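Following this line, the structures themselves.
Below, subunit A partners subunit B and then partners subunit C, in two separate complexes.
Then we have the complex of A and B:
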């Protein structure tokens, strides 16, 4: 079975019409990607990194300058209709549709561009409206919706055509916590419910990419700097894991010296509360259980425990040289 | 073309026509703006003809011409400008990404626009006819339908072609629309028989299908219509049929060119381009 998405040396260069209008922009520079079916694949990068350009090429809206791109094994430059039948796209901050139509009518209208029978389209629309808690808004005019409701409607629009591959371009941009959570949960469930379904997600949000994606490509200046699972990406950052314990009634700290895999530790006793704060720098994370056993064996009580690991942000800063914010 | 592809495109036409079909029921203000306001212009010309003691047909021509302005306005502001609007509000990429012919989207816009505008024009015509005692003498209902249909196909074909061209012009296209209102009312003979402009001027204006369509309709529904005709009815129907083919082909090419240019430069789907 072909890859859901494959690019080979994909390059896109934007040239200004006149020299006065700016310089040549290389939006994508020899991008090689292979996304398996059933994957929820993330593309993480700052503004202008080339994320949207990549999605536009894959969704047949833009031609590459050189290189090749395939969606479901089909050439995005030659097999246009066949590619389009298999995909859909949702962008963050999208204001598509017509304000005087109701939510239900708007979704139905877009489903008609994919040739879906009205009865089938309405059944899918009702199901998705219920899934997003928008059933009560089905008859509301689109122009009366809040930003979150509107984006939920946009997400439904992208999925109502039952695509094989969905491109999500920062789908939670500007959404409040609940609306963003609803979108993320839906996307996760959608991919997991069928191994043939694939999502390519571009995002600014590290947490979103970390939580949702099976693999992540970090892109900057049109180049893929790294591509792996979130955990493997984090392992590339040479940063020790730290373990912080808040302990009540700690008798002594001598026992920690001989625990293998422990790099160093510090302690701070708060006389007023009677608790001791212990901070361990770990070389090997497997020593966590021994540290906890040592604390408990001294008759102490663990009040809190916190493990700090490298984050995707650390990976991003290491690769790109700056944060996303 | 497979049957399923045809069916898919027919569904797309219906889908895109829907907002226009339903739009008039949602915003009843159209009755004031699109039916009542044109009656003031009609009344102005009608009173001038009355004051001059002109033939009764001339007032009929004015009422018919005034009603037909709705179609020209619909072409300029709701067909030609529409793809530009769709780009601005973010619908255009979704249309271009759909697995259908782009002509189906334009056809849907045209069908929906034609339907709502026909209702508006019919109401203006009816109110104008009652107000100014216009006498109709329908020679051939079949011919009336034939002329109306070919005029509309040619006219909306022109609108479909404009839609792509306007998209390339961007915001400047609005000036073009404004520029094409009053001069076309004059050149196409909306309020007088176009033959009085002289043969070559009328022939030049005939590139706009409503010129010939209006002239042909006047020949069919007014007793003295043939006396004021620019060309014979059959010639006008033949020319209009030719314009239908020409504009449909040109609109298809314009759309393909626009899409190719958009995919090459990114101007249609990337906001920063």
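Then we have the complex of A and C:
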């Protein structure tokens, strides 16, 4: 079975009409990707990294300058209708929709353009409206919806056609916390409910990529810098885990010196509250239990404990040399 | 199967077009608007004619001009309507990219959206002609209408306008807000060169040569022959010369010319649309916004 998505040296260059309108922009630079069926694949990168350009090419909106792109084994430049039968696309911050139609009419109409039987379409629309908490808005004109409601409607539009592969371009952009959570939960459930379903998600939210994606490609300046599971990506960062303890009634700190696997530690005593903040840099995470034992043996009480591991942001900083924001 | 799918897309798009055109107000206001708008538009020309001729409307040339002007509504409205579909979907509703990536026949989508424009314009044309016959002595005799000729010419003529619109729709992919100006400009060219109110024989020779290439020219001639055959004969008799430049050409030949020109423009329009579509995908212009 062909890959859900495959790109081979995919390159897209935007040339300005006139020199004064800016310089040549290489939005995608020899991108090679293989996304398996059933994967929830993330493309993580800052604004202008090339994420949207990649999705536009894969969804047949844009032609590459060079290289090839395949969706479900079909050439996106030649097999337009066959590709379109298998995909759908949702862009974050999208406020599109025919304002004169109701939410239900709007969704139904798009389902008809994909050849979904009307009865089946209505059933799916009702189910998805309920899932996203929009049932009460089914008869509302699209123009009366809030920005977040419109965006949720567009997420429904992307899934109501039951595509094999969905391209989500920053789907939670601009949504409030609850709405973003609803979208993430739905996407996760959707892809897990059928092994033939694939999602390609672009985002610049580290947490979203980490939480949702089976694999992540980190992109910047049109280049894929790394591509692996979130855990494997984090392992590439040579950063020691830190353990921070807030302790009450700590007598002394001498006992920590001989604990194997402990790189270094610092302490800060807050005289007013009587607590001491201890920060340990670990070479080996197995020494955590010995540190805790040592603290307790001194008759102290642990008020809080926090372990800090490398994040995708650390991975990104390592690869790009700057943060994502 | 493909035909069924295309018809379904056409029907659903036509439904969408109807919602766009008529859903902005209540039915009574929409009906009033549909009656008043075409009559008001026509009265501009009628008033100019009356001022120039001293109030004489009961003559063959007025009828010639009035019918041409009424039928021209199709040209202006349909050309505008087709390009407006692209412009409106792309820039106002921002739905063009979603419609574009749907696995349907995009031509059918545009034609469906435009069909409702044709239906509404047909009502306007009917009201305008009725107003002309009742209030301005436009010489249309129901008993002398050549219905088969009129019906066939209407079908072919409307097809030719839709085809032209398709080419403009393709061009609209590449143009910003000035796409509206382009279709108005092209409609203006047809107004002058296609014998809408000015017979093509009064044009300079080079312009008349262009006129004879345009399907709208033969459409106007065929519609007039079907709708007001008496007027066309009287015009030829009273003026003493071949005013339309086609008096000696048979109805069958006119229809043949119309058919051929429609065929040529069909091929050209599909070609223009495909090229424009390709360039738009190449330049990333399918989903750009420039006007709002």
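Following the convention adopted for this analysis, the second predicted complex is superposed on the first by the 311 of 325 C-alpha atoms of A that agree within 3 Å, B and C clash if a C-alpha of one lies under 4 Å from a C-alpha of the other, contacts with A are read in each partner's own complex, and residues count from 1 in each chain.
Going forward, contacts are C-beta pairs under 8 Å (C-beta built on N, C-alpha and C of every residue); 3 or more make two chains touch, one makes a residue touch a chain.
These figures come from a predicted structure and were not determined experimentally.
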{"item": "Clash or fit (per the criteria above) of subunit B with subunit C on subunit A", "value": "clash"}
{"item": "Touched partner set for A:96, first subunit B, second subunit C, both or neither", "value": "both"}
{"item": "First, second, both or neither for A:87, with subunit B first and subunit C second", "value": "both"}
{"item": "Touching partner for A:60 - first (subunit B), second (subunit C), both, neither", "value": "both"}
{"item": "Partner chain(s) touched by A:132 [first = subunit B, second = subunit C, both, neither]", "value": "neither"}
{"item": "Partner chain(s) touched by A:70 [first = subunit B, second = subunit C, both, neither]", "value": "neither"}
{"item": "Which superposed partner A:205 touches (first subunit B, second subunit C, both, neither)", "value": "neither"}
{"item": "Which superposed partner A:115 touches (first subunit B, second subunit C, both, neither)", "value": "both"}
{"item": "Subunit A positions touched by subunit B in one structure and by subunit C in the second", "value": "14, 56, 59-63, 81-82, 84-85, 87-89, 94-98, 100-101, 105, 109-110, 112-115, 157"}
{"item": "Contact footprint of subunit B on subunit A as seen in their complex", "value": "14, 52-53, 56, 59-63, 81-82, 84-85, 87-89, 91, 94-98, 100-101, 105, 108-116, 141, 157"}
{"item": "Interface residues, subunit A side, partner subunit C - complex", "value": "14, 56, 59-63, 81-82, 84-85, 87-89, 94-101, 105, 109-110, 112-115, 157"}
{"item": "Contact footprint of subunit A on subunit B as seen in their complex", "value": "4, 7-9, 11-12, 14-16, 18-19, 22-23, 26-27, 89-91, 93-100, 105, 262-266, 268-270, 273"}
{"item": "Interfacial residue positions of subunit C with respect to subunit A in the complex", "value": "5, 8-9, 12, 15-16, 19-20, 23-24, 93-95, 97-104, 109, 278, 281-282, 284, 286-287"}
